[in-house]
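Take a look at these structures.
Each of the two complexes below includes chain A, the first together with chain B, the second together with chain C.
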Partner chain A sequence: MRKIEEQNSNEVVVDVQNLNVSFGEAHIIHDVSFQVKKGEIIGLFGISGAGKTTIIRVLTCQIKSKNWTGKVLVTDLTPEKKKNHQKILSRIGYVPQLELLNLYFELSPLINIETFASNYGMKKEEAQKVAEELFTILDIAEDTWTNALKKLSGGEKKRVSMAIGLIHSPDVLFLDEPTTGVDANKRYDILNYLKKLNRRLGTTMFVITHDLEAALVCDKTAILREGKLLAFDTPQNLIQTLPSKGLLARLTIEDLTEEMIEIIQEYEHCEKISRVGVSEVEIFLNNFEKNLNYFIDYLLEKNIKIVSMSRDVANFRRFFQILIQEQEEMERKEEKEKENIGRERREGRAIEDEREIEENNAANE
Partner chain B sequence: MAKIKIEVKQFFRDQKNSFFRFLRLVKKEFRLVRTDPWNLLIALVLPPAIIALLSTMESQKIEFSPLPVAIVSNDSNSYVNPNNFTNLAIDNYTKPYINAVVKSFYLFPKAIYNASKFPYSMELARRQLLNAEIKCIIVIPVDFTEMLANGLPGLIECVPDSSRITDIQKNLNAVYDSIKIFTNENNLTPQIRLAPFTPFSIPEDYDEDFSSTLVLVIPLMVYGIANVLTILIIVKEKPIARLLLTPVKRSEILLAKYLTFSAILFVQELGIILAAVFGGLFIRGTIINLFIAVYTLAYSGLSVGIFISAASKTKTEANQLFLASFVVIILLSGSFVPIENMPIYLQAISYVLPLSHGGPMISAILSKGASVFGFHFYMLLAVSLVLNILTFIVFLRRRYEV
Partner chain C sequence: MKLSALIRKELGRIRADKRSLILLFSIPIILIVIFGLTTGGSTTKFFNAAIISRDEIPTYGDYTSNSSEYDEEFAGVFIKGLGSFGFQGYYPCPNEAAFLYAYEKNMELLRTEVIDVFLVLPEYFSEKIENETTNWIAYFVDGSDSQAISAIEVSMQEPISVFKQEIEMTENLTVLIPYLEFDVPFWEKQTINYAFPLTIPLIIIGTTMNLSCLSIVSDEPLPRMVITPTPKSSIILSKLIANLLIMVIQAGEIFIGTALFGLYVLGSLFELLLVLLGVGVAGVAIGLFVSSLTTTEQQANQLYIILFVVIMLFSGIYINPDDLPTAMQLIVYMFPLSHAIPLIYNITFKGLPLDYVRYFGLLILSAVYIFLAYIIFLIKKVEV
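Let's look at the complex of A and B:
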């Protein structure tokens, strides 16, 4: 039975269709749909407040069904029905963001494991055996297994927490910001461990993060902004949607100024330009191969001095930034239109505000 | 010279800066204090409130409520008239004495028994005393009238409620008032004597001070320790949030806490009783009764403690709730001001507080040999049970977020 399941890699573990979440007046999640297949690592990206945690909380039975609508299935069960909660919770694992709030610091890693494992009906010996396996994969030194958890380093605690999330071989493991608050090198470690666990155990993982580096280990990435899902696909596919399939020219320009950027933008085949450093810009051209030479001629013509130039393919970080930027620009435009309508009414108010600010300044002095 | 001037200036400038820095720090402290209004409320409002509470009790004290007593008359000895040698069974002085009791402002005869006719009178009166229906038994001896008629001093015997040591003298004084009225009205020169007969006193081979102190200390200690032990067990356990993301039920988590701490209290109460017995505590009742009483009180302390823990959002809040509740529970327990002397609304509150029942229950077992299964015991159980139910409701609704 189990074997058949494993062969069928198209099995959907998490299915979300038209999810909407509201708390009273606040509409937090708008029409979000996506599917997670068995064995995948899914990254849910978004800046703070986008609603990432809210989505996970729906999937993990933490939000009352009166606050959300849509079709949600986690391991073929909907969290909408209260009677499903225990079943769903027994099939999923959860690695919360903060260890301090979610582990028993006075108890040892093994006892922590045992405490959580017993809730899944696992016997002590059974839990111990699985824990030893997980601890070995996660490189948690054996001499720390029986020490109080508070004596372990931050990274080790995180790994113990991951082991707890996996102790009952869940169908899907949810991780909330697994790399936040961990220093740069350790971040890559954690991502590597996630990949390793995924490969060794075949665990489906659902990672929420605003660490764009995490896309490196994701099979698919979802990008969320203000409760709306802007993109959901493999990182490669997403990058391919950029002009020239993500090909870009990275230029270092002498004495780079905003005016120069405007001049570059005026070039007819320039799709997009973004400043990525003090004197560095990245430029997307349509029909990259053909237009690159003409573009350089254009720069020379406009007296813009290139110090160095390289070709590259955009990474996920760039894709994310461009997508968010585009979205923001679109919204700004919409807002402006709205503003034009109600300007007269607001102008009087604006003057009042200004006077108030002036008065405040005077008072402060 | 100029250099020194600059240095002095610099010195004062530093002092000034330091002073302003200090002022700003003070301001910050006030701001922080303000963010916790509950803390401020306890600090500023609780003490005046306690004093106000006490003042209402004091004013009530002036309106003295008469002491409920039972009179048991054995007065039946025959009187031999020396003139004609007739033998008469007389009790001429019993009625006037009872009248005196009725007249006394300080006494209220709840029951009057004629023991010469009804042999179980004393037993009935004693039961009333155990149940705290009355505060004192006034015993009129067999030869009461005979002695007085012969010009000899009559004796009145008293069996005061000795469960509250501080009250014994008060009870005797009240009885003395009836004797004063009796001697005045019957033109007897004061030849009547009060003979405190205390069948509930502590036998000589026991340490009286130790025993009478423990009567007061045990209830307070048992309740207080059980309370302190449990006020943090829910608020401080942050990982409950994560436990709830496993198939565990909230009720299971809570029940496990009840079971664990009930077991700890079981051992604790055993220890307390063993130490008390070896230390020389006199227990008139049985040890089993005492243990059940002490354990029930401890359980009520645990019930209050877990309730506080489930209802508070932070550890500080739990500590403050504990302090506030503990002060009120002790003040209204009747050990400081007798419950009868409180205004009626405070009596109603004290009625549902654990120590108001735990104290009298334990002292009745220790000093009067009462059985544990009385009104106080059932009240204590009921209060604990209601708290347990409330705790479950509060805990099931408690917000947890990982």
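Let's look at the complex of A and C:
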């Protein structure tokens, strides 16, 4: 198996510039650009319908080139040309969301592996050797290798599925929602295995996910919303862009009401407030260190009773929520403006129409 | 290498599909055992026959030679007591008057059940054999016992085939024209010996279609397979080969069973095997076609049932394609049994050699189904 020559080198493995995807009238991806370097784990986040799968499908040669524009290179080859497909496909791996889409349950892990390996032109012995290595990293017990897959647990199936994705030592591995539908403990297991594989093999990984916890293992995160790339950077850098570099105060307040939240919002240095529980809020202040004391005075003044308080740094989950919220608010504003303009125009036209009818009537008479 | 691993995977999947396998291998055996036990493999009934020959009537014009030795040779087969026939009498007729007399006499014998059947050899019987042109024999049976009619019809094939061997001519000879006295439609009732060769291709086509009709639709990792460098053609080819291998095993089973039970086959057993294989190929081909055309297992199962019924209807057993308008005939001939049944019928009952033209037609038909399956599979959307 190929070992990493140089972890996190500067070699660009996936290069996407101004990607636009449309299916007929539907414009699905808008001007998305990003670069992925060798050995990175990229998390592709976004709520349902954001276009995560669509981007991956472009990268994995599954969308006809007539449906997209832009410059896309996967291991220096563009999926735009059909003649590149074979080569690209032999250099990438894919782990679908559902195991049943990747595994023949009636066959054993080894037979499954050999079958897929043969698709990459690998010999049986070669496949077995790599499989043994992968199974060892992934802790798949030897006595299960030749059992029918349907007898294995869900977690084991997932790991076999990951092994299949990596059997041909691909340059890039795409994983679609690897932690969705997996219970809490196993989620961390899977993320750990991903990190372990990434470190041992140096494989560049693309993880599509709803699971914001997955950002823990990502070198970079991409946040998509309605086909637009809102952010693409390391989770730390993204959090740094929040007010006071993500520092926040988490307060538990007695009998918390909406009015109290409004009062807090009115405080001049309050940048953002979000309710995170029945009686809990998180507050971002500008110039956090300086203003925190004044802020507490303000609350006492307004008769808001603080049960407890802690300072913290925002996590990726919070960043994601804030970003999406901001975006939604912005769009709502824009829409209102558009509506207003539209209404004015319509009213203008209505008056013109009336005038026309009157003129016609006059002419008829 | 690539293909062999894919084939192994397909065979593994088939092996896991116990239900289809049980259908595939148990139904023919059950059928063979039932038919084998009920018929005992050979007809035990014994029939009395008489032969009237018009071959002795001198012929002029049409044929240069005026031979008439084959009628006696034919009678000889009956005299030797071959097959299930006893010999009652031979009536060579040198002229029409003699024939009329012989005919009346034999009708009387038939009515009084002294004989069960009498055969009439035509005027040019020997000449036609010499010239190797299509020949015929008419026979008259007592139509009052329909079961006996069928049995006689079946048994009749035997001495005829012996005769054919004796004169060392297999082609172009003796198309039998069954002629029934007392007007009972002879197809009304079929003996069990008839039923077997006609049932077995139905079973083969049904079970092989059942085997392969889920091959593509139930292959859930297939979209994943498509995002590997493996071409779609290898995928479908591996499915075809794996299913054909299983089908060959089934045909072998049927062949051995048929031979062991000595079921009624006049012609070559080997040629019968060839036709059964042809039917199996068609079944696999249509099954794959169904599988690539449909998107869910339920759809595939429904289409399978529909096609199976249509194939059965258009097998030529229920509807004679010759009675249909041309357009309809074309449709009938798009289904494999309309070719396979006559092929089997000719081999088992008539002892005729395999009609290779028609046989290749059957294979080409299968190739068309496979080609269609491939094209549909190519344009079919398979996505992860």
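By our rule, the second predicted complex is superposed on the first by the 332 of 365 C-alpha atoms of A that agree within 3 Å, B and C clash if a C-alpha of one lies under 4 Å from a C-alpha of the other, contacts with A are read in each partner's own complex, and residues count from 1 in each chain.
In this text, a contact is a pair of C-beta atoms (placed from the backbone, for glycine too) under 8 Å apart; a residue touches a chain by one contact, two chains touch by 3 or more.
Keep in mind that what you see is a predicted model, and the values were worked out from it rather than measured.
After superposition onto chain A, the partners chain B and chain C occupy overlapping space and clash.
In the superposition on chain A, no contact is made by A:317 with either chain B or chain C.
In the superposition on chain A, A:123 makes contact with chain C only, not with chain B. By the document's definition of touching, both partners, chain B and chain C, reach A:60. In the superposition on chain A, contact of A:176 is made with both chain B and chain C.
When chain B and chain C are set side by side, the one touching more residues of chain A is C. In the superposition on chain A, no contact is made by A:200 with either chain B or chain C. Legend: residue contacts after superposition of the two complexes on their common chain; A:302 is shown touching neither chain B nor chain C. For the contact definition in use here, the residues of chain A common to its chain B contact set and its chain C contact set are 60, 62, 86-87, 89-90, 92, 94, 96, 100-104, 115-116, 119-120, 176. Here chain A touches chain C in the complex through residues 57, 60-62, 86-87, 89-90, 92, 94, 96, 100-104, 106-107, 111, 114-121, 123-124, 148, 176, going by the rule given at the top.
Residue ranges on chain A touching chain B, taken from their complex, read 60, 62, 86-87, 89-90, 92, 94, 96-97, 100-104, 115-116, 119-120, 176.
Interface residues of chain B facing chain A in the complex, by the touch rule stated above, are 238-239, 241-243, 245-249, 401-402. Of all residues in chain C, those touching chain A in their complex are 1-2, 4-6, 8-9, 12-13, 16-17, 220-221, 223-225, 227-230, 383-384.
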